[in-house]
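Heads up, there are several structures right after this.
In the two complexes below, subunit A is the common chain; its partner is subunit B in one and subunit C in the other.
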Partner chain A sequence: MFKPLNKTLNFSILMLFTLLPLLAGLGYAIAYSFGLVGVLNKGFTLENWKILFSTSEVYISVLYTSWLAFASLSICIFISLAVVLAFPKKFKSGIFSYLVYMPLAFPSIVAAFFFFQFLSNAGILARLCHQLGIINQISDFPNLVNDSYHIGIISTQTFLSLPFFILLYASLYQAEKLEDYQKLAYALGASKKQTIFKISIPILLKRSLPSIIIYFIFKLGSYEVPLLLGKSSPETISVLAVRKLQKFNLLDIPQGYAIAVIYAFLVLLLLFIAFKKSKHQYEV
Partner chain B sequence: MFLEVKNISKKFKSQQVLKEICFDVDAHQTLSVLGKSGCGKSTLLKIIAGIETADGGMVNLQGQNVLALPAQERKIVYLFQEALLFPNMNVFENIAFGLKIRNTEKHIIKTKVKDMLSQLELDGFDKKMPHELSGGQKQRVAFGRALILNPPLILLDEPFSSLDVETRSNMQQLYKKIAKEYQITALFVTHDLKEALLMGDKICYMENGVLEVYKDKQSFIRSEKTGVQNEINFWNNL
Partner chain C sequence: MKYSIKYFILLMLALVFTLPIAILFLLSFSQKWVFPKLLPEKLTLENWTVILGDGHVISNSFVISLSIALFVAGSATILGFVLSRYIAYHPKRRLLTFLTYFPFALSPVIFAICLKYYFIKLGLIGNLYGIVLAQLIIALPYSIIFFLSFWNQKVLDYQNLVYTLGGKQKQAFLYITLPLAKSFLVICFFQCFLISWFEYGLTSIIGYGKISTLTIHVFQFINEANIFYAALSCCLLILPPVILLWFNKRFIIQQKG
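== the complex of A and B ==
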């Protein structure tokens, strides 16, 4: 008799603390972007959306943000797969199992400052290269932060994501009995290279796909790292939205909300794909 | 002699798992290895397959000592207790795996896999993923994946232990049929007395790392330590 009541109560608590604030925020952002709320708005209008899409700023921002997330995740997945497949048992215990957690202790802003100090053309790496005689003057060192190739952002994002993926693949390696699959592949005549590329990597990638998508979403929303280490243009979605919402021109605020709505729908679409992909993940 | 195993020993830290194991198997014969869990049966198979190293001894397959060769060069296929179908591949791809890595031509792979699916009574299952199969079907695919390579020696490590009684019985019949048809030479490890008697042309018993080979089924049945006499007494006194 109490079961349905408990179920309703649980659902209500979940709604109240998780979904409701999000839905309320999204509803407010939609209403603001269409001119339905807000001090300077004068009723329903499509003008804010038209202005937003009349320039290439938003398109470039979405592509730029996706590219940064894609590049840093790709490098991160490549390194973590290589590390886990080379040393599958190193992360179960001992010094490696502690060391791998270290980057997790760095907040994004601290990591961004660290990489700024390390990679800028008057930074630690530049001075080290100068001392070693690799470059004649410190200023000869290429600028790796606020640079056109986004090396600073991608390096920092990779550094921050690496422990998550190493731990994910190390645990999947055990959980998926990858060692048994590898032994079986050898017994069936596969070489080490064939075993890695036809068995180990495809299994790990398949199993981690929902996590990769969710982490990609997380990276799309990163703010401090691109703000500190990126160029002033192009801007990532978060940086662009915050600039529109908080700076200078009050008439830009509805566009800031419109960008937030675009971001929210992009995230929901990716989440939908992630959940669909994870549906049959653990049924073997 | 097709397979000749001489003085194989193995120690894990201080524990002697295998003690001077010696036996041989004729071509197209199945040797059942009966023993309790933890007696060293799987370790013995893994050493022959090249998955585990031996401390000493010799494994001659068709006259060649294979102990120094890596697993992939021994042409021995080891079947695990679990089917271990590659989860990133469908049934067709799983069975075709060994042929594909040997760069066999596509049309040959297609014909061979189709024939194998038919032999295994799995027609129409080629596109199914492992999670869509039952335990028995998975084991059949695992068999197919090994048999399609026509290996000189197959090592079966309690392949039916996780199946229910009926499926297990069906699989035993299927194995007998296929073993005869493909003229398989195999080592069949089990802890099930009845299965050892059913599957093997010859039987041996393993206890605490020591292997005793019986010259025929009658001497195996007569032996006190194999447990056959206890089983007979149990049914007679019921």
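== the complex of A and C ==
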């Protein structure tokens, strides 16, 4: 009697706090985008989706968001691999084992604020360049925030992700016994370059692939950093969806929900791939 | 030569990790910083004494953020611990884990705009209850996923041993499961605390501008170009995680970036 009741209760709470909000939220967004609910909607229609896909805004937004996530993750993975392979034991003990955690203490909004102060025209880097005689006035310094190359966003995203990947690769280095593989490769006559590029990096990348996909998903949903450091156009998916839904034009609301639906399905697809790639049970 | 390059890389890494905190604290003690001066012209304690004074909006929002984060962390940890056990030993573990991961992987701000209608209908927009519930909806999946690694075969074997020796469910929980889970519970509590403490997008939508948490104030100060108060609010935001880091590094590692 006790166990089935417990199971029913557990299942109900799980549904109430995780699956119900998800299904209800997505269901409402889908219904709104197809004109089934909402103030100005008058019944089922594909009009909102047609309007959305008639302009390039949503395509550009998806590509732009994916590009930002890809660029920041690629830089981050490159630096993390280089650092861990150069200093495999540096992050296990000593001062660096503490310092590496520092960026994890930064919420996205704080990191975005810091990088704005650091990279903007009147920021610390510009002042340093002025002191060194590289520039003479504010306008001489290139735009590094709210810029066309998205340097501000990519730098901030890289800073926020770097500790996670350094710690991930440092622990994989130990767990996968890379040191033993390297010794074996040297004993069989491999050069240092071959050992790094043919053994260490492929093993680390393969083992970290599910984490990379999950992190890519998180970056797709990034909101505060592109909001503060991005340009008004193009916008990331989150910023575009919130703008369409929060501004005063009621006719934009169904399109805002349609963008949310596209994003949710993109996340679902990537999550499915991450789970397929992970042979073990997926855990944090 | 080879060693000097290695030391240079390490020095750069140390700078990348420490410079942001140092600069934010420096700005929080500043009042005048005109281009092209490298350092602020006036350093003072005035910003801190004014903002942390009795009744100031920042000190109030610090208390609000702290209360929300503590409640969300406590609730998410307890519920996550119980629910994760249900998922861990369920025949459809992989499917349930996948379904739990989905709300956690979604952008909180997009999740919030999808749920906003229901929060309005339930009268939960623009009040503390709404923010707590909304944050719980994103912290709980994290907590469940976190505890899944705890419920392994070893824990199950220990519990079964207690039952075999005549122990009851309550005894197995109090004397076996709870001591084994102690460090997991503490780490999960602090990580859920940080999820709530760092949250901006979801809080701004469900809070509807009526509940001012610290992250909301940071954004307001940035919009007003009040960089010294913004830096001070940032320092207040990063202070708890830095203190947690001092006690235990594992308290602050989270996947979501």
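We adopt the following convention: the second predicted complex is superposed on the first by the 266 of 284 C-alpha atoms of A that agree within 3 Å, B and C clash if a C-alpha of one lies under 4 Å from a C-alpha of the other, contacts with A are read in each partner's own complex, and residues count from 1 in each chain.
The rule we apply is simple: a residue touches a chain if its C-beta (ideal position, glycine included) is under 8 Å from a C-beta of that chain, and two chains touch if they have at least 3 such contacts.
Because the structure is predicted, anything quoted here is derived from the model rather than measured.
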item	value
Combined model on subunit A: subunit C and subunit B, fit or clash	fit
Which superposed partner A:Gln194 touches (first subunit B, second subunit C, both, neither)	first
Partner chain(s) touched by A:Gln117 [first = subunit B, second = subunit C, both, neither]	second
Touched partner set for A:Pro226, first subunit B, second subunit C, both or neither	neither
First, second, both or neither for A:Pro234, with subunit B first and subunit C second	neither
Computed vertex angle (subunit A) for partners subunit B and subunit C, CA, steps of 10°	100
Contacts of A:Ala105 with subunit B and subunit C, given as first, second, both or neither	second
Which superposed partner A:Gly35 touches (first subunit B, second subunit C, both, neither)	neither
Of subunit B and subunit C, the chain that contacts the larger number of subunit A residues	C
Which superposed partner A:Leu184 touches (first subunit B, second subunit C, both, neither)	first
Which of subunit B and subunit C A:Pro254 touches, first, second, both or neither	neither
Closest Cα approach, subunit C to subunit B, once both complexes are overlaid on chain A (Å)	18
Doubly contacted subunit A residues - partners subunit C and subunit B	283-284
Sites on subunit A touched by subunit B in the complex	176-177, 180-181, 183-191, 194, 198-199, 202-203, 206-207, 280, 283-284
Subunit C-touching residues of subunit A, taken from the complex the two chains share	7, 10-11, 13-14, 17-19, 21-22, 24-26, 28-29, 83, 86-87, 90, 95-111, 113-114, 116-118, 122, 124, 126-128, 130-131, 138, 157, 159-164, 167, 211, 214-215, 217-224, 228, 237-238, 241-242, 245-246, 256-257, 260, 263-264, 267-268, 271-272, 275, 281-284
Subunit A-touching residues of subunit B, taken from the complex the two chains share	49-51, 70-72, 75-78, 80, 82, 84-88, 97-98, 101-102, 129-131, 145-146, 149
Subunit A-facing residues of subunit C, complex	6, 9-10, 13-14, 16-18, 20-21, 23-24, 27, 35-38, 79, 82-83, 85-87, 93-94, 96-103, 105-111, 113-115, 117-118, 136-137, 140-142, 144-146, 148-149, 197-198, 200-201, 205, 215, 218-219, 222, 227, 230-231, 234, 237-238, 241-242, 245, 249, 252-257
